[in-house]
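Sharing a structure below in structure tokens format, with a few things to ask.
Lettered A, B, C, D, E and F in written order, each chain numbered from 1.
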Amino acid sequence: MIRTIRKGCKELSKQPSKFKMVDISPKDAVEREATAIGKLKLRNETAKKLREGKIEKGDPISISEVAATLATKNTSQLIPMCHNIPISKVETGTRFGDDYVEVEVRVKAIAKTGVEMEALTGASIYLLNVWDMVKKLEKDRNGQYPDTWIEYIKVKEKLKATK
Amino acid sequence: MIRTIRKGCKELSKQPSKFKMVDISPKDAVEREATAIGKLKLRNETAKKLREGKIEKGDPISISEVAATLATKNTSQLIPMCHNIPISKVETGTRFGDDYVEVEVRVKAIAKTGVEMEALTGASIYLLNVWDMVKKLEKDRNGQYPDTWIEYIKVKEKLKATK
Amino acid sequence: MIRTIRKGCKELSKQPSKFKMVDISPKDAVEREATAIGKLKLRNETAKKLREGKIEKGDPISISEVAATLATKNTSQLIPMCHNIPISKVETGTRFGDDYVEVEVRVKAIAKTGVEMEALTGASIYLLNVWDMVKKLEKDRNGQYPDTWIEYIKVKEKLKATK
Amino acid sequence: MIRTIRKGCKELSKQPSKFKMVDISPKDAVEREATAIGKLKLRNETAKKLREGKIEKGDPISISEVAATLATKNTSQLIPMCHNIPISKVETGTRFGDDYVEVEVRVKAIAKTGVEMEALTGASIYLLNVWDMVKKLEKDRNGQYPDTWIEYIKVKEKLKATK
Amino acid sequence: MIRTIRKGCKELSKQPSKFKMVDISPKDAVEREATAIGKLKLRNETAKKLREGKIEKGDPISISEVAATLATKNTSQLIPMCHNIPISKVETGTRFGDDYVEVEVRVKAIAKTGVEMEALTGASIYLLNVWDMVKKLEKDRNGQYPDTWIEYIKVKEKLKATK
Amino acid sequence: MIRTIRKGCKELSKQPSKFKMVDISPKDAVEREATAIGKLKLRNETAKKLREGKIEKGDPISISEVAATLATKNTSQLIPMCHNIPISKVETGTRFGDDYVEVEVRVKAIAKTGVEMEALTGASIYLLNVWDMVKKLEKDRNGQYPDTWIEYIKVKEKLKATK
């Protein structure tokens, strides 16, 4: 067992930390899992092309999976109060709708803290990458995106193994 | 004026690039601006505490702004087909609702390509950071987030200076 | 217990490593803590404005804390011979003087090696960020900084839990 | 012992992950070691200057070692399906030939998965850095490199401690 | 036209820079292009599966392209003496042989210095990623790779637009 | 000349940016240079060994130069309100004293904003790396550093070319 040096930290002078990073030292490293979901609303024609694998710029699903995997492993640099955690596994699932694409990102780790921020970051980066790959099809004549948005990024489920 | 070496690239062997990165060499570097918005749905009590600056873990708005600014400058590593662009300015605005917080991220650059992906990435990372700061208040007894989601991340406006 | 494959590494050919990274495999992962301090010398008026929270560019303390936290987690890319270590907790304290600001950065980790370089890196990046936020007030007419410097970055205390 | 939450992951909807990251949760963290080798073919005069420490741009061996060490610690961002692993030790060896330089990079970690990709990445980045340092000597009149190439990057040996 | 402050830099005290980064200030920013090639030697069965798109871990070509594109944009952090350059375009081509896969990476930029290191880095990272995706098929009973190596990473062509 | 889209940015809703990143769009890209200095106080014996090139862990000057060069190019990720700037040249100089080592880092860029933060970051990372290389010699029996500190990191000179 690991001995904790001090329970709380002794009071720091004058102005203490403005941001409180959770101290995870005393927590157990157990298996954790979190699944996040999210949707990208698209034009019907774009969603159809995506479903049929006909996006000219390349396969958005492949690139989004890769980018999401990298982002989950880099979450502690994107979200400053997150701890750097060794990820065991990232997995994604994609559902195609008539005018949207939905993603599900599942992250596993043996860690002292939950991995929901990693899963949410993965889902967000996934959807941003799909958007980037279909930009040409979603832009109107003035270069605007009246029909495109990301919605409902949510934690679907969070699990923690009992020791 | 810059001379282009070749118009198109000569045919590559067998299997060409699966992903087409847009060739921005021949484009003009003009001033570009893009504004993205997005919302984080919260519990009423959390939104109230956020409005009143009473989040125990620290001020979510400050940390989210900083993280969003860093992310816009790192977009080309988060979205593989994005070009690395020197950003001139990042600016954010925050609107507090009864059960949500809304962000607006504006990015400016003198660049050969638009900066909407940078603005969207900034808005996404901003909202993920607010979420991270209020996790404790949004979790239910089982560690789940029934009342929390990110929604309506959208490009509000895209501008391009005429040369 | 973990078996070590080889005690020393067998002699490499001709020219061995010019830099010796410490092999931490056989060390125990125990709780470690290190606290670093450092000062940024400022003009009296700037220090006063800082104390009173009147820096126009934004709150330097918030941004410096966030940047320092990110840097401690990224130390192994800033200092090549440092190991990548999962940080449990980063905490800062700020002291305001008549013509300076002082920081204290405390880092905790359960690790096979000490975290003083992480704390020192955090303190350095903290002070550089304060400087960046008050540049306008510290520059003289010629854009020089006659009254500004960083001094006395030091390890205040290093602790190691006994197993 | 760590309990696994689920054996396999429950089937994801419609289109599952296109890329299968290996789930390392159930694996034991034991000491691992991998050694990679590789060669950079050079002109005789360049190889001679390198051997004699007379490269004007600076010592290629020092810079290559440092860059290789950083790269091994960053492998999980360079190779998306690699896990982020805490490295215990990186060691390099250099052999000078008449018209080449050869590197050997050894990586150690206490990890749930092998470290051969880390060693191979280290060797590749090492050789690229030597190339960068001798560019001027290897270029012909037209700025081309007829006599320069990297070859035979290989895993020399992979070891795993038995528990 | 840009005025140079000083021709050479005034002599620095005692011990000057050990490494000479080329000063690219006075150079013209013109269109540059570089193409690098490289091969990964594989077992016949692996090469066949790769050709037929039957690698169980996912499509190695897609992931390698994405990783190579990211790496070219990050070359200045992988090769310390390289300048950070805005890349206009990355393009890859893949050739399948009986017992190897060959890649061609072409990089374009409007820059003050050549982009061959970016192309070479892209090709190296591409091949390392293919290797990572076929590890299971290439390993022998003892976890060694007797039949796998990277070879002949070379600059195929370097071009520079005349102003 | 580049046309600016809007002079000021139109008022953002409710709560505007807490941090003001300087908008550098309208500024001219001219040659800029900044030189930063800094000192690391050491024990006499350590300073002597450093001077004589007898540090067992490897040459601290080489590794510090490389790390400083990388850091200057990454300043915009270490200091959030800094812009990402293409650096033309980094140069360092080292002075050895009886009980200290002093560094001078000079950074050049053709940019819309000054590069003093890049030079200061380079000097800080340089000194932290020397410290890391001599840790063993500076620690006392209790693992503390009573005789070691960084001091007087300062901007020595800042220059800007007139257009």
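The criterion applied here is as follows: a contact is a pair of C-beta atoms (placed from the backbone, for glycine too) under 8 Å apart; a residue touches a chain by one contact, two chains touch by 3 or more.
No experiment lies behind these values; they were computed from the predicted model shown.
Traced through touching neighbours, the fewest hops from subunit A to subunit F number 2. The chains in contact with subunit B and with subunit F alike are C, E.
Graph distance from subunit A to subunit D, where chains that touch are one step apart, equals 1. Averaging Cα atoms per chain gives one point for each, and the point farthest from that of subunit C is the centre of E. Looking at which positions face the partner, subunit A and subunit C present mostly different ones, since fewer than half of the interface numbers are shared.
Among the remaining chains, the Cα-based centre furthest from that of subunit B is the centre of D.
The centroid of the Cα atoms in subunit B and the matching centroid in subunit E are 28 Å apart.
Inter-chain centre distance (subunit A to subunit B, centres taken as mean C-alpha positions): 14 Å.
One inter-chain figure worth recording: subunit C and subunit E are separated by 33 Å, centre to centre, where each centre is the mean of the chain's CA atoms. Among the residues of subunit E, those in touch with two or more other chains are 17-19, 59, 62-63, 66-67, 70, 80-81, 84, 86. Contact between chains, as defined at the top, is found for A-B, A-C, A-D, A-E, B-C, B-E, B-F, C-D, C-F, D-E, D-F, E-F. The residues of subunit B lying in touch with subunit F in their complex are 29-31, 33, 61-62, 65-66, 69-70, 73-74, 84, 86-96, 104, 106, 108-110, 159, 161-163. Interface residues of subunit B facing subunit E in the complex, by the touch rule stated above, are 2-6, 9, 12-19, 21-25, 76-77, 80-81, 83-86, 112. Listing the residues of subunit B that touch subunit A in their complex gives 17-20, 38, 56-59, 62-63, 66-67, 70-71, 78-82, 114, 116-117, 120-121, 124-125, 128-129, 131-133, 135, 143-145, 148-155, 157-158, 160.
Listed in rising order, the residues of subunit A touching subunit E in the complex are 59, 62-63, 66-67, 70.
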